[in-house]
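So, here's a batch of structures to check.
You will see two complexes here that share chain A, one where it goes with chain B and one where it goes with chain C.
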Partner chain A sequence: MLHFLRSINSKAKKGGPSGPRKIPPPRKFKEISSNLADNEAYLRQEFANISDIVFRRFYAGEVKFLAVWFDGLINNRVSQDIFRALMLDIPDKRLLEAPKEKRADFINLRLMPFYDTQKAIDLEEIKHWILASKMVLLVDGCPSGLMIDAENRPQRPISEPIVEPTVLGPHDGFVENIRVNTALIRSRLGDAMLKSEDYIIGRRTSTPVTLMYVADIANPGIIEEARRRISRIDIDGVLDSSYIKEMIQDRVFTVFPLIKGTERPDIVVADLLEGRFALVVDGSPQVLTAPSIFIEFLQATDDYYINPMVVWFIRSLRYLAIFIATNLVGLYVALITYHQEMIPIPLVFSIAGTREIVPFPVFFDALFLLIVFELLWESSIRLPRVVGAAINIVGALILGEAAVQSSLVSPTLVIVIAVTAVANFALGSGYDLALAVRIIRLAILAAGGILGFYGIALVSLFFLLHMAGLRSFGVPYFEPLAPLISKEMKDTIYRAPHWDFNERPALIAGKDTTRDNTPPPAPPANNSFFNARSKKR
Partner chain B sequence: MKRIIPAFFIMILPLLLYGCWDRVEINDLALVVGDAHDQAELAGKTGIETTFQIANPAVMSAGDSSSLGAGAGGREGAGSFWTIRETGETIREAVSKMNYRIPKQIFLGHERVIIFGDKAARSGLTPFFDRLTRSRESRDTKFIAVSKGDPGKILEQESPIFQSTVLSLYNIFLTKDGWQGIMAVNMADFVYRLSTGVTSPLAPVVELVPQTSLTPKEKQAGNINTVAVTGLAAFDTDGRLVDYLNERESMGLLWVMNRAKNRVLTIPHFIGGMEELVSLNLVKAKSKISVSIGDDGLPFFEIKTHVNFDLLEQFGGRREIVDVGMISDFEKTAGSKVINEIEAAVKKSQQLNTDVFGLGEEVRRQHRREWPQYKEHWKEIYPLVNVTVECETHIRNRELSVGAPGSRTEGAGQ
Partner chain C sequence: MEPGKISERQLALLITTTLISTVVFWMPQLGARAVEQDVWITALAATIWGILSALVIVALARRHPGLTLIEYLPLILGKPLGKVFGGLYVFWFLFVGAIVIREFAHFLNITIMPKTPPAFFMVTIMALCFYALRGGLEVWARVNEILLFVVVVAMVAVIVLPYNHMDLSRLLPIADHPPGLLISTSLLSGSWRSEVILAGMFIPALSCFRHISRNLIISVVFIGFIVAGVEISAVAVFGGVPTGQKEFPFFSLARMISLIRIFDRLEVLLVVALLLGTFFKICAFLYCSTLGVAQVFGFKEFQFLLLPLSVLLLAMSLNSFKGVPELTDFLSNVWPGYGLLSFGLVIPLLLYLIALFRPVRQVREP
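Right after this comes the complex of A and B.
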């Protein structure tokens, strides 16, 4: 079994192209012809059998123009402005007087009151711009074309993050547009050291991906490794950041999330400031940040916005929650079938009494209810909202109350499963971790049902060893607990006040390790400033 | 691979010890909460009679949760607890015979109290403890008790207030340890004392006593008894019961063993030729035994007891307690009463020649060098040793009132 896993692992490591690959892949070069008709013919041939493309021919004065774009991806008002500028506002003599080859430059510099334009001399590049939902303008007699960014892709407005809602703190979340997402990050972190590098990934989708990091904080080795891993990717399409996540993580066979995805710009900025890098992928509201460590998944954004005196309690609740979510069902089954002497006597009577007429062994009962819970979870995600209420009623009434009344399961077990289900979603911001917990819980249930506490100890040991061996971009997964870095315990089970976060995580941040030099708040002991004011009165 | 294969085997091997084949559902267990053992005549031979009290949880949970438990599996009219008696030459044999009648697997992990009969106790408890200490399921923390009559009868008695007599006893031992003359003794204590060969084991005595007040329903059912703890039994070092200590001697024993936790001590007080009664409540008691070797070569013991009381009740009191002299009077009387109790206990234990205080242990601790020469002859020496008792008492608090309602300060009013 172990051997089998290892061989798959090594295969996965070896797979993929050997050296770094240029992105986007090398294209052929086709010069723009001075003859507009030639260019049009070429583009029409390239975009044959595409119904939603628009070829718009028009004259400005005596000069022939061709505008090409995909219908629906361009802001109509902007395109109207372009046509007005060229067709109505000028028959500008200077356009005609300008040398033919310079017409594109002339229009670009004088007549296009739009913020992003670009000149191209390659028809392939023109084609690429059209595909990247830009508008393209070609002028007769000029061997160059213009890209005009009048992009207006259909998109969702910025809204409250769906997966990670919060009570306090900012309420904006990422959307599917990479430019909006980078803007959300950039607007929070106005530092010239926040660098961004663009990649185009996906042979067919040509998805823009931006790697962001703060150059004088991040560890250059980690950034270089991130570049290397991104450049290895050779895939036809990237539909979500999770595609990238799977292709750049350190270990293939693990249920634990090794790279964090988040919908919240404030989390991304906090991670950037700790020396991590962020990967923004177009079309995905989940921005990836790495290197990630285990305890990050037990933290929530709120922790940094509420009173630190309260945070230790909430965080310990989460640590309790992950224990309950993974172990409780297994422990219950093990207690009932192997370790009955460990149950206090009044409890043993009540459990044994309610189990008296339950026909199945407790292990199958637990498995049954657990699977019902997982089914409810799955179906409530997939269900159309209209039908959702029906499933809720079935889940709450029929499966809970009726299962007990028909004595298929014991009421104690229903409580155990309910507590487990609640704990499963109290893990902080890590939905990824909630998914991992599902698998671990099943493993522990099986172990508890087969071998009792010994089995649970064995499986827990296996998972702990596995986790201790994980790394995310070289950073140990259990950092700062193992290896123990006592200085960084300030953000584990408790959170130090912000004026006390003096250093950035040493294993993650590479250079500027000082985060904070604020002295602790120290109001004058005698409140003299207050007295002085009241005396004046 | 060199390291994985051994690691794999180390993980697999314990599975042979333990695993699926040991699994039992909790509802397939006959949960024994208490057992009683006594000697019995078996066709001319002496044998064992064992009584088990087995819980019937289905009935218990059916009582209050009609909607959830859905009536559970218990038969109408079945009791919450079931007792079963069997005889055999050994305990294991008697238990194995019970299997003909018990529909579930006998489980001893929840035994709470073990009661031995007078006959068994007098012939020696050592053989009984073999099963109790050898069994994997058996716990060291279960309580030991001795019954003056048939111990099985105690299990069979219905408890008027608790689910069963055994659980009632268990709760008394758990919550009332050190109250008045009650001392809870668990199996580990008892077996430890047996193993020293010097200190005598003790066990509380339990008895069926008539209920002092009966409801018509109980009268009709003939359910007129209840179980009570009535003192202590002293054993010799071989585990044979020697005699019972009465309440006063038990109380004296608790003072010396530092086990007294809660005690109401009533003392008479004479004022103007009239008697009034004062009840004091124990707050804290601490005893120290010091050993010295006398000129005759025998060890002698000084027991120093320090007791703090609260004043709880002044029955028939006519004077307010404002006078320090009055309080020191109380303290003096209380002290002498404590000394009396301790002396009575010492006297009885020397009469019975059972070192229940662990005085021999004290010699071993304090005079390690001399101890070996006493050890062999401790049985002969113990009845002869001198024990002096001192007691210092303090009354710290008199709760809310200064005097009983209607009481007067001296001189006022008259």
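Right after this comes the complex of A and C.
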């Protein structure tokens, strides 16, 4: 259940308990009056000028009731059940016989066939429940009210992740509802040590955020730091997990993603098991996991589901892809502009042949085509479906064919840009990284155009140094490479088979560092078990 | 004073990059001018000087745990003299750093970008060094750890790949020069190797202190093999005397590579190796001089000195030599005396001898 009453800036206790902590009382406090009319007046005044709220007065026997909810956020069938339980099936006598002050308790315990209800004695609390899309029931003569969780917010069904599709492995993805998302995680990781802590972020949106971690794996220092950073947030609204991401990351001015967002529950569970924590934000299908390291963004979920003897190849392709996506255009421009002597002789003639009729320096050509590519990318995201075909034709025909035929650009350059574009999306699971690569590519193109190879080397070195200096929740971002930790190279360019993943990442996991004790598969040498069967026969 | 911690392996790799990155470009021709085909023997012999330097600096550091070279100089020589020598060492760091920058710009000018003014290379590489050092020792030591691999692979590739042009009989006759000449040439080669005393500035930043002398010796020996490899390869391809006449035999070697028509311009590999290696070498010298200045004057911090010293280093490298001949002359005639025979080996050795007669003092705030 979500405790919506947590004050926004509650300080995280030092070394606090691992479970959800007690809710501090709301700052304002208004007792529920025994007189139903007073309560209704108060609520009507609080919710003045709101047209989509429903105040439903009714009688159960001789007792007056008031139900309040926001239209559309409550499951209609469920609310009808509530009314049926009270208005039609009610054992009048017992309700009337119960002391007036206990009526709410009586209804709660005997008449409400719902699994999630809660008693409240504070009108402010009642107000919060209503705003949190619950139904609230007030009884005449009773100074307490009842929250009934009949929530049915409009939501999308669970579907295949949109940003991170895979071939193998599970196909469910997170949705916008935080409860569904935590359930997807919880159902995969049935361990009492998987703790979850609720936070309410956003002064106006009151967005529920859940911090999840496995208490006996995660590094308590990192979790405490996460709590501290989350409770620092003071913003009016949180519309997506990326809001939180920006406000809790270690360094602001960097193009690299320091916190991973993913749509896939299996990735989140894998990260939790490595000692990371997850932040589930209501309204966002992207669940954040941190601390993140750079090579995570070059890994895809499939890597863990396909044959490890193949993974090394696919991963090398990805490493090649990031090199191509960042460097190829810059290298091409530098080669053509400054270092023609380094092009192999047969290639020189073919490139020179295509470049002969192009009027502009190759740098401007490359910049032009690159910007066209970025424009296509951008427009294909914003594109209304119906005009998609038009853009495709423009992109393929006009830009590809016509630009070459009109000798604005050389065909070789078109190939270079095309390969770059393809490589840009072969980076594994990291769309965030694909965005970073765009910026790096521009920087390298500029450096290559101005300074040749020297410039490219300088800029690459700059980015390497920058990356090596980054940290995500204290963990060095470029971790198993710099600092070089040979023990953790099992999940870099090749992935060890699952029986060989003995240790969790040492810099991330705090405590229980043994992941796996499975001995390597070792069938008996002479297949005796098999022979025994055939002998019997 | 240094907040970061590096591992012993990181230090050894850092020292390797520092020592390897300029000597391979200068020693083949400078050595071959003196001893022709026997130049590779001097590279191996220089390893002895390098090992001596490494042993002395580690022994000094063991005697003064937690202190840098500049910090324990006053403890050994007494305050006034110690500070003077500290100042001399800082100047040595700065001056050698300036030479390295100069060599770097000169090499780039000759190899890939002949028309660009050298000052441009100096300013850009210096800016990047400044950025790296501002990020902290830990960061650039880490990056060095992965990039040294690239440097070594490129160098080994250039050593091995011209195999089809090699004629090992050009190495004969072996040791056909008077031992005195061989030894004096090995002093030149050893001068680069004696830059291992830079470790004296880094040792207090180590997270543990167990195998450091072993690691440093391995790196010195390894460099000996690489330099000897370059020289053997160059002599085998070009012959002894022509090696001495070339401007950069190592670079010429890279130009000789031609494999299956595609890999026939591999000198770019070497430029990358040079750029990465020299970058870290400049970083190391800039770091040492910054830390050194702060410790000579007793400052609590050293980060604020980074910008002024970067500018100073740049100015020194722009103004210290009029041209390439002067640089070459300096390297072949003055550098042995300025490197190995004074700051690199002899002064540390004397310091150690003096320190032996001093009582071991337990100093160091935690």
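A few remarks follow.
Here, the second predicted complex is superposed on the first by the 510 of 537 C-alpha atoms of A that agree within 3 Å, B and C clash if a C-alpha of one lies under 4 Å from a C-alpha of the other, contacts with A are read in each partner's own complex, and residues count from 1 in each chain.
Quick note on the criterion: a residue touches a chain if its C-beta (ideal position, glycine included) is under 8 Å from a C-beta of that chain, and two chains touch if they have at least 3 such contacts.
What you are looking at is a predicted structure, and each value in this text was computed from that prediction instead of being measured.
On the shared subunit chain A, the superposed partners chain B and chain C overlap sterically.
Once chain A of one complex is fitted onto chain A of the other, the partner contacts of A:A482 are limited to chain C, with no touch recorded for chain B. With both structures placed on the common chain, the touch criterion links A:Y454 to chain B and to chain C.
Of the two partner chains placed by superposition, only chain C is touched by A:L465; chain B is not.
Judged by the touch definition given at the top, the superposed model places A:A352 against chain B, while chain C stays out of reach. In the superposition on chain A, contact of A:T337 is made with chain B only, not with chain C. Two complexes overlaid on chain A leave one chain C stretch from 22-30, 76-84 or 112-120 clashing with chain B, and it is 112-120.
Comparing the two interfaces of chain A, the one with chain B and the one with chain C have residues 338, 341, 343, 345, 451-452, 454, 458 in common.
Residue ranges of chain A in contact with chain C, taken from their complex: 338-339, 341-346, 451-454, 457-458, 461-462, 464-466, 468-469, 476, 478, 481-484.
Within the complex, the chain C residues that touch chain A are 7, 9-10, 108, 112-113, 121, 124-125, 128, 131-132, 135-136, 138-140, 142-143, 145-147, 261-262, 264-265, 267-268, 271-272, 275-276, 279.
Chain A meets chain B in the complex at residues 2-3, 336-338, 340-341, 343, 345, 348-358, 361-362, 404-405, 407, 411, 449-452, 454, 458. Interface residues of chain B, counted against chain A in their complex, comprise 1, 4, 8, 11, 14-15, 18-20, 22-27, 29, 31, 33, 55, 57-62, 65, 67-74, 107, 109-110, 112, 137, 139, 167.
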